[in-house]
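Several structures are given next for inspection.
Shared between the two complexes below is subunit A, which pairs with subunit B and subunit C, respectively.
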Partner chain A sequence: MKHLSRIYTAIIMIFLFAPIAVLLVFSFNGANSLSVMSGFSLHWYRELLRDSNTLISLRNTLVLALSSAFIATVMGTGAAVGIDKLRSRTALTVYDTVTNIPMTNPDIITGISLMLMFVFTGRLIGSTSSLNFATMLIAHITFCLPYVILQVLPRLSQMDRALPEAAMDLGCTPVRAFFKVVFPEIMPGVLTGLIMSFTLSVDDFVISYFTAGNGFETLPIRIYSMTKKTVTPKMYALATIIFFTIMALLIINNVMSDDQRAQARERRKARLPMSSTADMLTDAETVASPAKGRSRKLSDRGKLAVVACLIAVCLLLIIVPPALIDSDMQTLNVYNWGEYIADGSEEFMDVVSEFEDWYYDNYGRRVNVNYTTYATNEDMYAKLKSGAVSYDVIVPSDYMIARLIEEDMLLEIDFGNIPNYENIGEEYRYLYFDPEARYSVPYIYNINAIIYDANVVDEEDAQGWDLLWNPKYAGKILQYNNPRDAFGTAMYKLGIDANTTDPDEWNRALEELLRQRPLVKAYVMDEVFNLMESGEAAIACYYGGDYFLMSDAASEDVDLQLYYPDPTCYFMDSMCIPSCCQNKELAEIFINFLLEEDVAVQNAEYISYSSPNVLVQESEEYADYMGEEAMEALYPEIDDFTELYNANSFRNQDSATMDLMNSLWEALKIQ
Partner chain B sequence: MDKIIELKGITKSFGETRAIDDVSLDVYDNEFLTLLGPSGCGKTTLLRIIGGFEKPDEGDVIFMGRRINDVPAYKRNVNTVFQRYALFPHLNIFENIAFPLREKKLPESEIRERVDEMLGMVVLRGFEKRSVSSLSGGQQQRVAIARALIAQPRVLLLDEPLAALDLKLRKDMQGELKRIQKATGITFIFVTHDQEEALSMSDTVVVMSSGQIQQIGRPIDIYNEPKNAFVADFIGESNIIDGRMPKDFVCTINGRDFECLDGGFAPGEAVDVVIRPEDVDIVDPAAGQLTGVVSSVTFMGVHYEIIVDVAGFMWMIQTTDYVAEGQTIGICLEPDAIHVMKKSEFSGMFGDYSCFSDEYEEISDPELAAAAEEE
Partner chain C sequence: MGRPRGDNAMEKNLIRADRTALAPYTAWAALFIVVPLAFVAYYAFTDASFNFTFENISRFFTATTQTASEDGSVREIRTYIVIFMRSLKLAAISTAVCLVMGYPIAYIMARSDARVQKTLMTVIMIPMWMNFLIRTYAWITILQDTGLINRLLSAVGLSPVHIIGTQTAVVVGMVYDYLPYMILPLYSVMAKMDVKLLEAAQDLGCSGLGVLRRVIWPLSVPGVINGITMVLIPSISTFYISQKLGDGKFFLIGDAIEGQYTANNLHFAAAIAFILMILLLICMGVMRWLTDKKRGGLA
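Moving on, here comes the complex of A and B:
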């Protein structure tokens, strides 16, 4: 039995801490891979310190957490004092329930309802962008409040109610009595409330996501938007740091409440009936108590915890100097994919701050770029559609641009302000989603490729879509875990138009996928990186640009190669100006800046997808950096890009076809 | 002696419950006055009105000739010793006692001197650095008294300060309190439900019931000359028997005339007759003015407490001579053993020992008790 319980405890411990241990280990990994350890390195911690956007979002998170925790603590303590004064049982029950609702309510409901309220009130007062730092602060205070109340209320009810009266009796005004007598008594609860609020606020993603404005990105939101590509190991480093910070806070907190418990025990003891005569003995003979002096130590420790917290935050705030405040400052709100701009890490240019400086040098005015990120076109669309925030530049993908134009959500671009537009290759300009090139400026494109392990796959098999159906490699093949891309592979293989609306053709594609299913190792999205890098899988179709990430991190016995089957899927992300834009000219200047040769080269190198910028394609520096092999892979010989693109890229589907696709997909996954 | 506090027509209600009902009371300088009554009688509410923690609905509180109804507690020259002491747990003993002086921002040297003096008075020198929780109940009590007295109030209010102590310690503290009151010359207003405590310590006892004052007087007068059945029953043990006054100095009980010392009633007026258990002489049945049958005998240490059935009414008698259960005895009453009271609202409620219980708490209205608790 004893052994069993030990094993049980061990299993639970492993469940709880194994993920953290893995995170910790890989944060010190020298290589950019989850499967290959290449020795201890602080590389990712250094990278983290260089990533100014992440650090700014960390600072934002801390500023938000600290201010919301303080305000929630003050308000919650006040509320608890008020509730404690209530005498009516019904009123108490009502307040108890009311304060509990936000705690039990799912975050997503709280988040959506808060967003709705902010947007609604914003509309009422005629504000163009109703979500900002203040709304996020209000949201965080809202969900922290009940926790503070729940911490403070029990302290108040444990307290002798005569204490504040005694203080008033001895000459204190009611307010002074609260601070001199009541507050020291409830302080442990107040501090616990403060620390809990702080950690809850740092932790929150869902509510923040819904209430975040365009200029204020917290860390969880930033990490989420980074998952567009892969989570880089510098996030492991950050997560490790956060984990230990929170753990330190918890330990301080628990040590304090241990103290508190010991003190309560002492007090209970003292209340037991006294042995009568011993009490009258005057001084030294009375029993010395271990509780002596405890109370003082406790409050000191509490103060210490808060002060330590404050110092830590202040230090971080100093490391990351806040944006210069300038009355003449203009603001440009840019909303882009995660990791889709060179950000100053790993020797890259920090494009955003470079633009801010360049603008000041050329126009004599300060501009502050609020750069925020999203993970999917649909996230971006939802945020834009809510009308809660305004953006000046967005970078949607092709089909989404078509939809935005259709819904009149984009402004026509004044190309007079974008002389660098001539750098964009002619063949990239007039794609189907914007055939007259009025709304979009191509940013980055990608071609779906088949990536394979040359150590496993025979050279003669490596061509066309058939490789994905080759029974020779059963159990080594990966397929997309999203219906559009997966059906796409089957349709390209069968020579069906990928944008077909004919149910028969869709059913044929399904049959093809069913035929492939026994060969498939797994249906995956981002897991493709680890499975391919480690050699567990040998064949996958994925975005061509991501091939370099994979082959760089692949283990030694894996030789990843790539080829483009024909036909295949193309996609283009283009810069657009949404109709909610507040400063169109500035937006156009920014787009023009991104088309400058050196800037575009930096971005192309950083993102490692293909650039439609002719100057980039012809740049020697760029070719040197990428290498010959990569240049071939990124820019295959294509006769008529526009035609191929328009023929094969995914377009918006009508809802009937979408429904059909989803039900067929379920059929594939369930059977 | 000067009046220090005058209460004039004080009324106070909590919701539907009337806690204080038209109470008027004068408190004199230097006296030890006790508010005595069962829980829920309004004595604590009255104390809190004087302390400034409650506002009367009607009536005036006059302090040294000035109306102080609207003066908040922290501006009144009155201090309170709370029932459970209400010491500040986050401060040590020295700082607890120094609290009122720190509020007055007195110089440190004066604070040290006065706290030391107070610690001497309550015999707690050497405890300055100790925490509140390391002290025993009696010690905490004395700290509370020192803290209340250090600001040199004109009046000290004590709200059942001894209730939480055990019997022996309570007796010691009674003496201690009396000594401190004499030494400081400060007026004490003391609230208790313990009649013994009230009688032994007070200069003046105010007996309260249902928000009203039943009797004010010196302890000896309250005991010997209770005004009505409630007071007679609440203070000590009493047999309260229906009687008549055919004329002055003669009263009729159970159809027999007894000589007594009271007069001034209408001829033939129905009255309550109080006979204290210790004033009854037991004699041979043949020699007795009344006879009865012993129904129970309880040994109490100094004496026996016996219940005697006298013509259907149960008398309590305290005697040092043993009598057996079932024995028929004779009873004799001296004139000064008989105290005659006018009939009152309490007549017939007390003074019969047929269902003997000294749990006087139980007679009080539970709602009223709840209201008193909530204060």
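Moving on, here comes the complex of A and C:
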């Protein structure tokens, strides 16, 4: 029996820690892959330390968790004290029900409900940034509160009710009586509530996703928006550091409580040792507790130590990236795709901080760039449309720019502030979405390509869109996990205009995708990297420039190749200034900065898509870095780019077509 | 009772103080728990220009999709009903697996000595500090066709198994992420059980299984109910796990809500959320009613 239970415990532990072991190991990967391990290196740890945006998002996560846990604990403890004294059954039932709501409601509903309220009231009072740090804080406090209350309440009911009265008989005020008598009694519950709130807040993604606003990006949001590019081992390195920090805290805590226990044993007072983060999530009276009196105080001290360490770590983190509270400081809110700017990793420039320094040198004022990221055009649009955020620079794709212009959500750019605009090639300036070049400055463009593993795919099959439908490679084919691109592949194959509004043509495309479904291994976005690199999949349609990132990290027995089917889709992501912009001139200066030769080269190398910047295209350093093959693939010989682009890019859809597309997409997905 | 007079005033004082302590929470709960839910209902029953409509609600129940079955025949199914039932099925499987896996470990923990209890508890909590997204991502590396499991299998000469993208993978992800939510409530009731009761049952001739069935299980029911609630609810509404581990082939109710949100169809997203909320409330209500008042709430 004893052995059996040991073995069982071991199995559960292996299950719980297997993924953690994986991320620990892969954080030391020499290559940029989460599935192919090649060599041991500390590379990703160095990268992490250089990536100021990720560090800031870590700091934000901790600040948010700490402040919401603290506020929730204070308010929740007060609430528990009050609820404990309620005598009316009805009142108790009401409080019970309301308190249970955030716990028994799915996260997604809590998130959506708060988001709807913030957006609605924000619009009512005409606020342009009603989603911000405060709303995330409110959301986190709201879902932490019930846990605190449910921890403290049982402690209160165990307490001798005569105690506070006695204290007051002896002349204490109610407040003093609370702190002198009640608080020490309920302390373990309060601390457990605090630690639990902190844990839940750190781990939360869903509620943050819906309530996040501009200028305050937490770690989960950042990771989620890496969906277009890839989640790098850098994130694993971060998780590993978090893991060891927690371990260290726990060990310190254990040693400390061991000390205390030893002392206590000497004094023959401790009866039952218990402590630490351990009793999180259980309700307070757990752990077979005759542990009243002294031994409980031991556990308190252990927990206090953990809390103190947490606070210390967080304070350090808050201080490390120097948050200069400068009255003269300006803020620039930039909202870009995940992994879409050189961020100081590898040998790259940290463009954002470079800009901050450059601006200070040239204008003598500090500027703080709040750089946040999104995963899709639609995510960005949803936030912008809610009217609850305020960004100064955004980088949407073509069809989204058309929609934003149509809905009057962009400002005309003053090109007088952007002298570097002349670096943009003439043929990239007047594309269909902004034919007079008034609202947008091209940032980066690319062509949808088909990437395949030449060790699996026969040479003669590797052409056109048919490859994605070739039954020979069933189970090896990847398709986009977003409706617009996926339907696009089917329409190109069928020779339908990808911008059709004809429902019949959309239904034909759906049929084509349904025919493809049994052959498809997975519907993917960023997962495409791992699946192609490891050889799990052999055929994918993806953005051409990503091919180079993949083939760099591919495993040895995988030989990735690329070709452009005809016709295929071109896309251009351009910098725009949304109408909610607070500092238009600064936004223009920032855009201008991104067009500087060295900055644009760095970004083009980092993103590995094609640059519309002539200086980049002509740069020898850039050509050397990318290599001949890449240059040919990224900049195929094109007579009239504007014409080709206008004929082969996604247009803004009317809402009926968009609705149709979404329901057809659901139809594909629920088969 | 012969209380001195001063007590009355003091008691009033105390009550006033307690009311004051409760006030911030009351305001907060009303403003940020109750009112937002009203907003969900408001959006669910209005159209884009905030005119009252049943459109969104009825769309949930009536929207249909053609599906082709294996033999080529075409059936018409109710889109969102099917999506909901699928989510419920996966969530129910995950919850059951969590219960089966978590029950013994909770029992083992509750019966170990205090030091081991404490360590095990901490160990179970640790993964929660690493972000949910990263943990889920790491499972891809384990489950994929060239992943760790399959490399292990081929190393010992067994044929590989295809896990990623199947229902199993999604269930593994859910079980992994929500297992602690099952273990902890179970453990907390089991730790409170009186060992003497178990010994008594054995003394009176109960077999091991008998003790489990007649003593341990009935006593642990409140923990079981709590555990089921804590696992079922997040797993029914998840959208990240199904996207990453299901190869994008499992479209769950959470995906539907998120999809409508990103398509900027807030009113329909709210309608799905509203219906999901009502259905879950009914589920929970039934469960509570079945188990009477064994569940320890505030009241």
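One rule holds for everything that comes next: the second predicted complex is superposed on the first by the 469 of 671 C-alpha atoms of A that agree within 3 Å, B and C clash if a C-alpha of one lies under 4 Å from a C-alpha of the other, contacts with A are read in each partner's own complex, and residues count from 1 in each chain.
Keep in mind that, in the parts below, a contact is a pair of C-beta atoms (placed from the backbone, for glycine too) under 8 Å apart; a residue touches a chain by one contact, two chains touch by 3 or more.
Worth saying up front: this structure is predicted, and the values here are computed from it rather than measured.
K.L.:
Just subunit B (first), just subunit C (second), both, or neither: which does A:V22 touch?
P.N.:
second
K.L.:
Applying the touch criterion given at the start, work out whether A:G213 contacts subunit B, subunit C, both or neither, answering first, second, both or neither.
P.N.:
neither
K.L.:
On the A-aligned overlay, A:M235 touches which partner chain: subunit B = first, subunit C = second, or both, or neither?
P.N.:
In the superposed model, A:M235 contacts subunit C only, not subunit B.
K.L.:
Given the touch rule stated above, what does A:T376 touch, subunit B (first), subunit C (second), both, or neither?
P.N.:
The answer is second: A:T376 touches subunit C but not subunit B.
K.L.:
Counting residues of subunit A touched by each partner, does subunit B or subunit C come out ahead?
P.N.:
C
K.L.:
In the overlay, answer first, second, both or neither for which of subunit B and subunit C A:V181 touches.
P.N.:
In the superposition, A:V181 touches subunit B alone.
K.L.:
With both complexes superposed on chain A, which partner does A:D169 reach: first (subunit B), second (subunit C), both or neither?
P.N.:
In the superposition, A:D169 touches subunit B and subunit C alike.
K.L.:
Let me test your reading of the model: by the given contact rule, A:G82 touches which partner, first (subunit B), second (subunit C), both or neither?
P.N.:
Only subunit C is touched by A:G82; subunit B is not.
K.L.:
Following superposition on chain A, which residues of subunit A contact subunit B and also contact subunit C?
P.N.:
Touching subunit B and subunit C on subunit A: residues 165, 168-169, 177, 273-274, 276-280, 282-283, 286-288.
K.L.:
For a test of understanding, state which residues of subunit B touch subunit A in their complex under the given definition.
P.N.:
Its residues touching subunit A are 51-53, 72-74, 78-80, 82-84, 86-90, 92, 99-100, 103-104, 123-127, 129-131, 133-140, 147-148, 151, 165-169, 172, 374.
K.L.:
Spell out the residues on subunit A that touch subunit B in their complex, using ranges where they run on.
P.N.:
Contacts found on subunit A: 87, 160, 162-163, 165-173, 176-177, 181, 184-185, 263, 266-267, 270-271, 273-274, 276-280, 282-284, 286-289, 291-296, 299.
K.L.:
Can you tell me which positions in subunit C touch subunit A when the two form their complex?
P.N.:
Touch list, subunit C to subunit A: 7, 10-11, 13-26, 28-29, 32-37, 39-40, 42-43, 63, 65-68, 77, 79, 82-83, 86, 101, 104-105, 108, 114-115, 117-135, 137-142, 144-148, 164-165, 176, 179-181, 184-185, 187-188, 191-192, 229-230, 233-234, 236-237, 239-240, 243-244, 247-249, 251, 254-266, 269-270, 273, 276-277, 280-281, 284, 296-299.
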